[in-house]
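Dropping the structures in below, format is structure tokens.
Both complexes below contain chain A, partnered by chain B and then by chain C.
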Partner chain A sequence: MANQNGNMYGLTILSPIIDDPKIKISHDAALRMYLQNMHRHERSPFAKVSGTHICRLVVMDDVVFVGHPAKEEHLASKYLVFNSNLYGGLDAYLEEMARKMPEVVDDIWSHCIGYPGTDPQAFAAYMKKCQIETTFYFADVNYKTVEQTLTALQTKVEFALFIERQQGKSPAELQRAFAAFWARVEKLPPPLAGLKELAKNQAAGV
Partner chain B sequence: MTNINGKAYAMNAVTPMKAWKTPILRVLFFLLGALKSKQQDLINLSFIHFARWVIVKRDQFPRLAPEQPEEHLRYDYLLFFSNFNGTWNQYIDAFSAVLATGLNLIWRWSEKFPGSVPVTAFKRYISLVQFDTDYYYTAYPYATTNDVKAAIRVDDALREFAGKSQGTTPEEFQQAYLQLLVKIQADLGEAGVAPMGT
Partner chain C sequence: MVKLNLFDIQGFVARGYTFPRASYLLAEILNYKAGREFVGRVTERVTSAERWDNKPSSTLNIGFTWKGLYKLGLRDATMLSFPDEFYQGMRARNRVLGDVGKNDPANWEPVWTEDIHVWLAIYAQDASELARRCEEIGRLMQETGGARLLYTQQAGAICIDGKATSKEHFGYTDGFGNPDYEGVERKTVPGQGKLTPDGRWAPLATGEFILGYPDEARELPVCPVPYILGINGTYMAYRKLHQNVASFRKYLDDKGNRYPGGKEKLAAKFVGRWMDGTPLESSPDHNDLGLAGDPSRSTDFTYGHDADGGRCPIGSHIRRANPRDAFGFNGDLVNRRRIMRRGLPYGEYTPPDQPARDEDEHGIVFMALGASLFRQFEFVQQQWIEYGNDARLGNDKDLLVGCHNDADDRFVVQGSTDPGNTPFICGGLPNFVEMRGGEYFFLPSLTALRLIADGTVDPR
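Then we have the complex of A and B:
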């Protein structure tokens, strides 16, 4: 299935945006303002949706006229593009969006035609009506969850510091230090999703 | 700029295609998906987290209510979404230098595509058909795709080592530890800062 690459799913949604000439601020303009001010990094609402590796929201105003001899044409509606690279199954992901970020889902998709509200199953069904099949999906790493990826990034930093601090130690000291290190690192929770920087743990390498 | 989050850049592009060309492109994408060897150059470039092409036929734009106007389009459209590391110029330069044949096979069906070589006309075309991202999220903005792959290699190797080194003498442990370091030494570097520039 073209949407799938290994355990990764390339979700492409085009939701038609409401066009109401009677309102002062158009829905597409309001949507843009909202997205501009939405929390980012670890405070992003998508950080709560566990399968989200990378996603984006784009207000697509129109198609592009590439010049003569191509013909100029225009979309009758504007579309909200939601593009996510997610680990796992589609229905579970969409329902999780509605459960974990209901206010944001409402704030965004209430600008779109046919939006049913944040009932998880109704929202998932609506999004699937707006889904376009991905024709070709490339995923460089396609088999790790977000948590596994974050854990690996943290472990690498921890171990690099450990190596640095254990230089010159005797075999017995090294073995004891590694046992303590591994017992600590194995229990570390993964870093928060969306963090701008991975902070080096002050106790790292011990 | 919302196209950028940490080390990741979100590119969006839309190009028109005459409807009769769409099935040809679908066959080419099918072959690209089926023949993994054809993706090797893309994998070797190793600076794209995820990328996708999406064909939207002229009658496929979602219409969810009778009051929503119907689309009356002449062309089908090819959407392209990429999440890559580095600057826009580095990305397009690398595509042009390394993937010219593949890119031409994909985009030659789009109207007025000039070819991916020479790069100046290619960049002009991409600038024309690109549109900006309004919100961009990544779970690991500080990590490039190479950082992610290196971290996975270190994590996997370390877990294996931790299991196998149990019950060894200190001297055996040290020997195995040094072998581990040799194995993963190229993957231990810091993630570093994102590139500056355009």
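Then we have the complex of A and C:
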């Protein structure tokens, strides 16, 4: 089904960018500068929006003419493209964006035609008006929540360290060590969303 | 069927010489006119790929860096037609190649900061012939005034009990096979070309290794302008790799004591071959000298039935460097990532019963040839040696030649339920191999060498 694959939602939104010849710095240029300077990884504002597996913001000026026999065509406006592979329902996700990162939402979508502001319902309704169908997903995203994915990665790193340190021990020693390992690892908080180097965040381990 | 002009291709490109000794000379071209004269005089002596009725006592081959060709007066229209990575050179490509940290170009030997323009390779049967040919080159440099010798790298097969072997300093038998490609006068060796849909082996397209012929995509590889400069030539990545023999032995002893399969098996798991060369995939439980020494069997294996790596670990050196069918699609994903390898050890061999030190002179001169440095050598180095994602190994690197700057680097021996083949994780990896320097060279055809020497490379 388009847009939805299991628990995963593939979102593509094209928001027309305001064309105002009277202002000093055009909206598309200002937006592009803003996006270029956005924080990434764990400091990305999207790290606060819990359903985000991966998202991307792109300013699209026009379609590219690739030569004959293609037809030369042009867009009616410049667009802001927003892609997100998210876990869960669309409305809840868009509303969470408006609630968790209102300043950023304002800074970005205020350059777009018809932006209603950060009222969660109004913002979600606005975004959905600009939605187009999505059929391709980011290949590395699975059907787990972001938190489950991060916890699994953390557990994998910890478990590899555990094996490296404990391999070769007797079954009884191994069982004791594993019990201690699991008692610690089970209680570890999930890593920060967007964290680039998961392994760097590891404790000394058991 | 491609017919190769063996009189025009440099011998070093077409085949790996089996001489026991070599000198690799790095030189600077001093000026355009005398430099061309030097190249002309060398060209008269260059060994082509022509078949030998009697093996000569020595060979001579030549290659140029981008700067070298520029210094020899090739026009801008030609110089701008070379691929980016060749123009940039190996130093500038260090982040692509993972030459960072200890392997950063800032830590390379001083010669690699000089103006290296020419690479000359002399292979010889014995030391006196090698010295004679090196003196001959020195004389040509003097007589023409066209070039200045910057560095001589000596290399030679490791001799054990007075016999030249194909061992490297860690003790592995090295240099099993090279990709078969169309046009070479030899029988296809199982395991050395590409897989056909019915599971047999066929030679790769010539254009994967030599410019001017169709490649695996049925296209002509990118060739500099004019075409005649490129055809029958190829590119080479040259890397001087130091081997920390003491670290390797200590690590293998240490982990081998804890590995249920024992030290020798663990050493085999690192590489994918037992020390004598027996492929793990064909013989996972013990070495088999008969198998290792039989060219029709020593490279004849696939990984398709060993997806879990229980026989040959997924991250072992030979499975990384040439994954064969391991990524599915009948091996199609590797056919454009193959390299021809040439190489010789340097330094005195330290037998296993003698104490070795890391700082002792031990290493290998590794050379990889192919029609595209970017698509072949750089890709293999970046994606398969220094990274593990294609093999679903995350950030893991090649245990042996990877640059381990991260305390979390590890090597996983996948293993099975057999008590002598249990899974095993090797952490705390030191750098067993360190980069000492290297460069990219273009090895032209003899025709192109004559054009360069005459100053008649005309891009129009």
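What we mean here is this: the second predicted complex is superposed on the first by the 189 of 206 C-alpha atoms of A that agree within 3 Å, B and C clash if a C-alpha of one lies under 4 Å from a C-alpha of the other, contacts with A are read in each partner's own complex, and residues count from 1 in each chain.
In the analysis below, a contact is a pair of C-beta atoms (placed from the backbone, for glycine too) under 8 Å apart; a residue touches a chain by one contact, two chains touch by 3 or more.
Just so we're clear, the structure is a prediction, and the values are computed from it rather than from any experiment.
Novice: Tell me which touches more residues of chain A here: chain C or chain B.
Specialist: The partner with more contacted residues on chain A is B.
Novice: Going by the contact rule set out at the top, does A:M127 touch chain B (first), chain C (second), both, or neither?
Specialist: Neither partner.
Novice: So, A:I163: does it touch chain B (first), chain C (second), both, or neither?
Specialist: In the superposition, A:I163 contacts both chain B and chain C.
Novice: Have a look at where A:A139 lands relative to chain B and chain C in the superposition and call it first, second, both or neither.
Specialist: Touch partner of A:A139: chain B, not chain C.
Novice: Of the residues on chain A, which ones does chain B touch that chain C also touches?
Specialist: On chain A, the overlap between the chain B and chain C contacts is residues 157, 160, 163.
Novice: What residues on chain B touch chain A, complex-wise?
Specialist: Per the stated touch rule, the residues are 2, 5-6, 8, 10, 12, 14-16, 25-26, 29, 32-33, 39, 42-43, 46, 48-56, 60-65, 68-75, 77, 79, 81, 83, 110-112, 125, 128-129, 131-143, 145, 147-152, 154-155, 158, 162, 165, 168, 170-171, 173-174, 177, 181, 187-188, 190-191.
Novice: Which part of chain C faces chain A closely enough to touch in the complex?
Specialist: The touching residues are 258-260, 395, 406, 408, 410, 412, 422-428.
Novice: List the residues on chain A that touch chain C in their complex, please.
Specialist: Counting only chain A, the residues touching chain C are 157, 160-161, 163-164, 167-168, 199-200, 202.
Novice: Once bound in the complex, which stretches of chain A touch chain B?
Specialist: Against chain B, chain A makes touches at 2, 8, 10, 12, 14-16, 19, 31-32, 35-36, 38, 40-41, 44, 46-47, 52-61, 63-64, 66-67, 70-71, 73, 75-77, 79, 81, 83, 85, 113-114, 129-130, 132-141, 144, 146, 149-153, 155-157, 159-160, 163, 170-172, 174-175, 178, 182, 186, 193-198.
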